[in-house]
Amino acid sequence: MIVAFHRGTAEADVQTVVRTLETRGLRTARSSEPRRPILAVVDSVPDDVADTLEAHALVERVERPRGTWRRVDRAFRDSPTVVDVGGVPFGGPGITVIAGPCSVEGKEVIEEVADVARRAGAHVLRGGAFKPRTSPYAVQGRGAEGLRQLKAAGDGAGMPIISEIMDAAHLSAFVDAGVDCLQIGARNMQNFTLLKAVAGAGIPVMLKRGLSATIAEWLQAAEYLAAFGAEGIILCERGIRTFETATRNTLDLTVLPLLRQWTHLPIVVDPSHAAGIPALIPPLSRAAVAAGADGVAVECHPRPKEAKSDGAQALLPGELSTLVAEARVVGAAVGRSFAPRERGAHAS
Amino acid sequence: MIVAFHRGTAEADVQTVVRTLETRGLRTARSSEPRRPILAVVDSVPDDVADTLEAHALVERVERPRGTWRRVDRAFRDSPTVVDVGGVPFGGPGITVIAGPCSVEGKEVIEEVADVARRAGAHVLRGGAFKPRTSPYAVQGRGAEGLRQLKAAGDGAGMPIISEIMDAAHLSAFVDAGVDCLQIGARNMQNFTLLKAVAGAGIPVMLKRGLSATIAEWLQAAEYLAAFGAEGIILCERGIRTFETATRNTLDLTVLPLLRQWTHLPIVVDPSHAAGIPALIPPLSRAAVAAGADGVAVECHPRPKEAKSDGAQALLPGELSTLVAEARVVGAAVGRSFAPRERGAHAS
Amino acid sequence: MIVAFHRGTAEADVQTVVRTLETRGLRTARSSEPRRPILAVVDSVPDDVADTLEAHALVERVERPRGTWRRVDRAFRDSPTVVDVGGVPFGGPGITVIAGPCSVEGKEVIEEVADVARRAGAHVLRGGAFKPRTSPYAVQGRGAEGLRQLKAAGDGAGMPIISEIMDAAHLSAFVDAGVDCLQIGARNMQNFTLLKAVAGAGIPVMLKRGLSATIAEWLQAAEYLAAFGAEGIILCERGIRTFETATRNTLDLTVLPLLRQWTHLPIVVDPSHAAGIPALIPPLSRAAVAAGADGVAVECHPRPKEAKSDGAQALLPGELSTLVAEARVVGAAVGRSFAPRERGAHAS
Amino acid sequence: MIVAFHRGTAEADVQTVVRTLETRGLRTARSSEPRRPILAVVDSVPDDVADTLEAHALVERVERPRGTWRRVDRAFRDSPTVVDVGGVPFGGPGITVIAGPCSVEGKEVIEEVADVARRAGAHVLRGGAFKPRTSPYAVQGRGAEGLRQLKAAGDGAGMPIISEIMDAAHLSAFVDAGVDCLQIGARNMQNFTLLKAVAGAGIPVMLKRGLSATIAEWLQAAEYLAAFGAEGIILCERGIRTFETATRNTLDLTVLPLLRQWTHLPIVVDPSHAAGIPALIPPLSRAAVAAGADGVAVECHPRPKEAKSDGAQALLPGELSTLVAEARVVGAAVGRSFAPRERGAHAS
């Protein structure tokens, strides 16, 4: 249950309510909402307590929970949350583009990709350094060195970076390298150990939806992050598993308007992993923007055929530029600007 | 296998090829393509025949089949097909809006809805008269009388009409009422008896995707229609069945760019049945247009709570107007105009 | 709502209740249950009527509906239903085996298969004459001639026959050929036109589950058959569509114990179409019997490689014999006998 | 590629082959198969190397890989693997029953359950101490204390224990408590960090199938365990996520015969989590045994309504006894005995 007090309610009065709830064994979470006190009662609220809260003179409105999440519920904030990733906002009026290769494959290639991404108008540079290989015999990524190369490339292009973390034991490598946003992959959406670890790292987290996760399970995972202290949480839709075999997965854009009602978190769409076919990525990116996405994340590579992983779905530089330009026009059509590049970059 | 001849190839030369194929037991279909002869070989082509066709001096290109369909394959036409529904084009540069109630509930209400749809800018009026009720005890629709009421309402508003046909035995009622487009519902996508019957009716057909139909199965069903003579075929995506329970179905917009590559048929998206929640329908309609839909089909009702079926997902008149206006802006952003209302309507 | 009266309740008293319900606009269905009167109220029952029925002196128990079905609900009968297919019971203490080729491919082959099936211990001969081809260019089956060949082969082996009907227009061919059980295929589970037609034919019907049909939708389709007069209805589980691609479909054996609670209809399992791999069919047949199936339906062919359709999943004669023998042993382990072959057959 | 040498091939000859492969950059794994040397080449094998191996005089047969797994492939062993869990075999001629509560809820209850399980004929005691709660506010289990209580209860009943591990950081608690088998839950099937950690613990591992994992992905995860040194690996099917909502998940018993062909690992079925309804568990257990399961894992509780988690699906003591007795009979019908209780237990 989420309890929004009237504007100007004194902190002492809020604390009185908190203590009363505690006497009933009910734990609360406090919104950082500046304009009015908002509390979430994380435990199940008995009817008599709910009635009392609803009738309370200082309470403006009470929302009964949709699921087991509270801190990420739409009602926990007055306005949608804007997450700052190294100076780039996710969730404001603008649309943010994340671009980069599947894997960091060395200093030169990632710097080349960073330059391509920057020129195309992307805001954040992505690249995998620790890769979730399903085969124990596959190449496992460049690890900490890859993160440093990604960071250097991002710095060179004036772009913050995002990279997937698979193991809490690697967290210090991400912190040391100055990674601006930690990505939790689809396979790890319910890896609660990892969620707790990244939640405490003081770095924004982008949480991908599990391949067969319901929207409710996804928000519960986000709540995990929030409950363990994550400062900024971004959701990322990347396709779900269905019976269809013509595409890798089925992109579920319905989550965009639905999550707008259910949560205050920003939402990014990754059409590259969902579709797995380059020609589908630009129209799906446009569709994502039109349906309300706060950002799109796409894979690009200067020479996809040379890419060591997932090259088949990477966009060429020119395709990325076109995608960004088109998304910008569709964004304008639905009242969204493009997020400014807030960190000084090289002139192109 | 689809065989496109060079422009200007003489008909006699094409017939020579056809006869040669027939001697090998291979049946062909002829495209109505005006600019060049195109043949589809509907049977599986032996390698030696394929090699001969590829090397033929009059043949410009040969496409190996993606599936069992031929006539609806993209390669069977030089340009995407435009289907004319009572003067309204589906598949041209414009985007077409189909709107109306789930069911025709009587003369006055359908006329009121037609007026609402027309004022909002919709092009085609929809409404169910024969309803696919899963319960034998449910109301079964108004039948032929409902079709006549729908037609009268469409005529009054200057809009052609579309309505679902469930049974070949009802075909004469649809023909007599002057229904402009026959809708095949999701449950009947593989009802081959019905497909054959409507294919021969000389009326355009809108074929909804089955709830768990693969894209290949959907095109095979469209091929059925084409093989049995359907003049105009429109595909309609309306959501697939997945594990997600927060929405009625999962709208699959990836089909839009994929089908552009696979077929020349126009594609409409029905977000109302997919989502089942009115607030999701406008953003999903915008996304459909951005991803390349040739049209959207939505349910509307002047007083949804009074609707006898599916009222919960119907848009209010003002919501429909906003949806059309927004889709128009997104359409412009992706280079699509709005299909003109070609039949004279009342001034509003 | 289903209302079971005490044993010995006079018919006049039941009729009084029926008339009272009718005055409230509530339609009823009457169970053929001999031991006590049982009524189903097919419409939604207002609370006050439900209270009155529950408190009625002649009423033993009242069951609130699980779904929209009534006549096929478990509560509509005191005992599970036994369906007689040409003298072979489905649903009694015994387990019934249906065997035969995918398609009837001519007189000699079907007679050979019938002999194989009979010797193996199968009870009913299956074979397709009108085939649901997804491609309009595929062979469409032997039609009425195939049905006559199937019947002759069944008669020769002393076995009743079952064959799939796809089109109400073919019904007279099935009746004329003396088909003992009409099969509704998965694609036609919600082809309500076809359901109505076969319901009135006076021949038992085996209703396959749709590829993505929920259990509730399946029972609703069965209710359709029941409401339109079908005398004997058998359910057939044949696998559902999931993300798994290693098998054709995913056989759902959970339906067996669940349907035992929900319906009084007999249930057959078809592992051939679900798995599509011969080696999986015997263990899945054993599992089906262990989970409570009333029968199994399998494909067999003396020379699978020569079969014109689905040969890859057909069992060899020896494999069929082993399957039946094993199913018999597992049946005994769960307290099920094997249904006797009730019609005089040739000695083998 | 898997290479089986003739019996009696000298070790030196095998090593020569290994070194030759290494010169081509091909890594190998060696089967512990006593009767003949078997090698798996874990990397992709070039055609010329494959040809050479197939023609090699000492090589009896060569198997081309079905997927990315090698060590768990059926061809890597002559006979199916038997995993020893604290003296109880999984995978031999017998069938093994795992029973216990969802969560360890204290010393007295778990000892009571252990006694119930032992009397019913179960072989292994299960119970969760670290629980994978999807809500951060839910009770998180008793942790190390719970493991000690579980072990004490198992010792008292003469039963080895199995418990789910969610976090590599907890591994020492499992080792210290003497847990006999580590369970990897469905959500962690692709938590490769955890897989590596448990693989090195020297304790058998039971790997549950992910909720939407394909069979290939499941075996790849098992290969991960094997590649990182796991001694004994048991697979556990626990239902997959489908569109069906009448049951918690859809139990996929087709995996049993399919995995028999694909892998040498033993396979256990958990119908409790798949179905979520107690009445379905005994028939599904019988079906699992009939389809070839090496064991079943079920939840039981002396007073399900008092259980703090998942009580609704727990079997009563009497139901468990009946289940074991019935599974024994079905096992006998398919040629399986019941695994003896090999550790001395109290007389009952």
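Read from first to last, the chains carry the letters A, B, C and D; within each, the first residue is number 1.
Note that a residue touches a chain if its C-beta (ideal position, glycine included) is under 8 Å from a C-beta of that chain, and two chains touch if they have at least 3 such contacts.
Predicted model only: the values in this text are computed from it and were never measured.
Farthest chain from subunit B, going by mean C-alpha coordinates, please.
Between subunit B and the rest, the longest centre separation is with D.
Quick one: subunit A and subunit C, Cα centre-to-centre, how many Å?
So the centroids are 50 Å from each other.
Using the average of all C-alpha atoms in each chain as its centre, how far is it in Å between subunit A and subunit D?
So the centroids are 35 Å from each other.
For subunit C, what residues touch not just one other chain but two or more?
If we look for residues of subunit C contacting two or more partner chains, we find 212, 241-243, 245.
Looking at which chains touch, is this a line, ring, star, complete or other?
Basically all the chains touch each other, so complete.
Name, in rising order, each residue of subunit C that touches subunit D in their complex.
Per the stated touch rule, the residues are 212, 214-216, 240, 242-247, 250-254, 256-258, 261, 274-275, 277, 279-280, 283-284, 286-292, 326, 329-330, 332-334.
If you look only at subunit D, which of its residues touch subunit B in the complex?
Those residues of subunit D that touch subunit B are 212, 241-243, 245.
Where on subunit B does subunit C make contact in their complex?
Going through subunit B, the ones touching subunit C are 27, 42-43, 68-70, 132-138, 166-169, 187-188, 190-194, 211-212, 217, 220-221, 223-224, 227-228, 241.
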